[in-house]
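Heads up, the next two complexes both have subunit A, just with different partners, subunit B and then subunit C.
On to the complex of A and B.
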């Protein structure tokens, strides 16, 4: 990756890129945003259509607990992916299984898992303070570009490609299943498979995004881009395009703000995406009023 | 009488310890329009969902497919989120092209959808979001979706609900054409006048089979009149 950083630094020195691009960590952050925007933005429009916003929030909390478990089992502080992915996958499969087999409303069931994983995570984090300074875990909670390594970036690219390929394969079935599970089933789709499939893909994407966005804030990037896109989109195609554009603008904007003001990247990204949401909300209301005049 | 396409044999469905259907046996003949009537809560929709394999049941449902076994289905309810930016064309393309609909609808799929919408009287509505369609328009879109490609079995749950008079006429004409093309129609209806006009065979259901036979004879039975005192009109 070094030649890439050197090339970007030379462009920054010549004034072609902003001066901040002379720092490798910032280039890495920008590349992360470039990869994260299509992954999380693209997923977000299906998350919202499938009404899985609360599910995503619970997964973010589960990731925090997963970090604590990974560290307790001796994983390195800067890459506790085994604990994170293992625990998140377990939580995801349990949530989907219980949701499919219980008669309680889904949000109630997810609320139970949300509370359970948060309680467990807090207990484990307190136990961890005997081994680590708990502030070292802050980067996982709120996201930090300083802790993102080349290996993290490559993992993000790999997972991004895998998620994109899988989603392209199953997209039409997933969308039809979101609109009407009986119609999807009659057309030959396996509703149970689609539910587990999408939940696992979402888990994978959230886990690899955590070091940039943070466990407590990742939910925002898998919900708000689609919410903003709905304010202005008029078709499935523009819905996806807007979701990705919003995720990219929020990521790039948040990255810039966090670098200038030295605030956590995740927080800055969430503020940016929320700001964009309200702008699109106003734009949508204005456009509808113009159409009715 | 034509051979059966679908046979329900002693089908029983229970939920929360309550029997929704009890030992229902009936036979749906090939190339007929078979209508199920009955009061609210009679288990009509439940029987259709069992035929589609969407609910578990005791007993047997036998399908004697002669062709590809394709089923077309128009559900009773289809709730669309008011802010969902999915157009009629997007929706119909979901099962008609391999390319993800979020990457656009291909020219050939677009032409096919346009013809389909013409068949149900909705030409020109391709770019309209599903969420702004009226109840009647939405049912026509669902009917268009169910009719292409031509299914071997067409299952309709109150397809005339929300349709205006011309829409009902168009629906009935389409069902007759579908039957003449070799498909079998199994539908639920509350409108006994409509049932008299189009049904070849009628089953009266009230958690059990009350009566089953040719439309005119079955609807004339006193037991049926007593069960559906309003004449079935809503």
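On to the complex of A and C.
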């Protein structure tokens, strides 16, 4: 990656790129945003359609527990991926299974898992303070570009490609199943499989984006882009395209704000995506009024 | 026009689904176990290395000259804190040099020891910045953060990142190095790690309270 960083730094020196691009961490961050935007933006409209916003929030906080478990098992603070992937995937399977077979409303069940994983995570974090300075874990909670390494970027690209391939393969079935599960079943889709499948690829995407966005805020980037896109999109295709565009603009904008104002990247990205949501909301209202006149 | 026909949807039984889920869970657990026991990340060595972020390092991994410089900066920081406690102001680099405190006063035992030291004040941040005179040598930064008078007094934690003045004020202190001393700006930013500085520890970030 060093030649890429040197090349970007030389472009920044010549004024072709903004001067901040002389720092490798910012180039890594920008590349992360380039990869994350299509993944999270692409998933977000399905998350909204399948009503999985709260599920995503619970997963983000389960990742915090995953970090603690990884550290307890001896993983490095900067890459507790075994704990995060393992715990989040197990939590996902459990949540989907219980949701499918319990008689309680889904949000109640997810709330139970949410509370359970958060409580467990807090207890484990307190236990961890004997080994680690708990402030070091802040970057996982709120996201920090300064802790993103080349290995994280490669993992993000690898998982991003995997998720993109799987999503493209099953996209039509997923969309139909999201809109009407009985119709999807009649057309030959396995609704149960699709439910687990989508939850697993959502989990993978959330876990790899945690170091940039943070466990507490990752939910925003899998919900708000679709919410913003819905304000302005006129068809399913434009809904997907707008979701990706909004996720990219929020990611790049948040990155810039976070670098200039020295605030956590996750917070800046969430503020940016929320700002875009309100702009599209106003634009949508304005467009509808013009059509009715 | 196509004829209407019935489609039978055979849902998997709850028991079969549970078996599939348990199999998947076992596969995930086995995969994670294999990963954790063969962790490919290079920083997974000892407990100290595991607790560091990418912009942090232990001084033991540096060459002996750098280790000596780090120790001298730790000692000189205590001297500077003593003057701050006694006189109410931080001594500038010239004062420390005149008092013979190394590395502000050159140490002949150190190779590449020619540095231009400056004390820079920015509100509550006190920086002692050492810029190398030779190209390619590393730069050094000692950063002290004074307590905010508007906030209640902080609880003192006995570790590398906190020191206490004689009046009980708790200071946040850190020592940083930059591998390319010629490239650093005249003043370090609020987040030195964003400018390529590496925070050094002798014993690592201590366990703190939650």
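As a convention for this text, the second predicted complex is superposed on the first by the 293 of 293 C-alpha atoms of A that agree within 3 Å, B and C clash if a C-alpha of one lies under 4 Å from a C-alpha of the other, contacts with A are read in each partner's own complex, and residues count from 1 in each chain.
Rule of thumb we're sticking to: a residue touches a chain if its C-beta (ideal position, glycine included) is under 8 Å from a C-beta of that chain, and two chains touch if they have at least 3 such contacts.
Source: prediction; values computed, not measured.
Engineer: Does subunit B (first) or subunit C (second) touch A:275, or do both, or does neither?
Structural biologist: neither
Engineer: Please work out whether A:86 is in contact with subunit B alone, subunit C alone, both, or neither, and reply first, second, both or neither.
Structural biologist: second
Engineer: By the touch definition at the top of the document, which applies to A:111: first (subunit B), second (subunit C), both, or neither?
Structural biologist: Neither partner.
Engineer: Name the chain, either subunit B or subunit C, that contacts more residues of subunit A.
Structural biologist: So, of the two partners, C touches more residues of subunit A.
Engineer: Between subunit B (first) and subunit C (second), which, if any, makes contact with A:185: first, second, both or neither?
Structural biologist: In the superposition, A:185 contacts both subunit B and subunit C.
Engineer: Just to be sure I read the superposition right, which of the two partners does A:256 touch: subunit B = first, subunit C = second, or both, or neither?
Structural biologist: Touch partners of A:256: none, neither subunit B nor subunit C.
Engineer: Touching A:49 in the superposition: subunit B (first), subunit C (second), both, neither?
Structural biologist: first
Engineer: Answer with first, second, both or neither: which of subunit B and subunit C does A:176 touch in the superposed model?
Structural biologist: first
Engineer: Looking at the overlay, does A:168 come into contact with subunit B only (first), subunit C only (second), both, or neither?
Structural biologist: Touch status of A:168: first partner only.
Engineer: Can A:234 be said to touch subunit B (first), subunit C (second), both, or neither?
Structural biologist: The first partner, subunit B, only.
Engineer: Can you list the residues of subunit A that meet both subunit B and subunit C?
Structural biologist: On subunit A, the overlap between the subunit B and subunit C contacts is residues 182, 185-186.
Engineer: Considering the complex alone, what residue numbers of subunit B touch subunit A?
Structural biologist: Where subunit B meets subunit A, its residues are 49, 52-54, 71-73, 75, 78, 80-81, 83-87, 89-91, 93-95, 97-98, 100-104, 127, 129-130, 145.
Engineer: Within the complex, which stretch of subunit A touches subunit B?
Structural biologist: 45, 49, 167-168, 171-173, 175-176, 179-180, 182-183, 185-187, 229-231, 233-240
Engineer: If you look only at subunit A, which of its residues touch subunit C in the complex?
Structural biologist: Its residues touching subunit C are 23, 25, 70-71, 73-79, 81-83, 85-86, 89-90, 93-94, 97, 100-101, 125-126, 129-136, 139, 146-149, 151, 182, 185-186, 192, 196, 259, 262.
Engineer: Touching subunit A in the complex: which residues of subunit C?
Structural biologist: My answer: residues 7, 9, 11-12, 14, 17-18, 21, 24-25, 28-29, 31-32, 35-36, 39, 41, 43-44, 47, 49-55, 159, 190-191, 193-196, 205-210.
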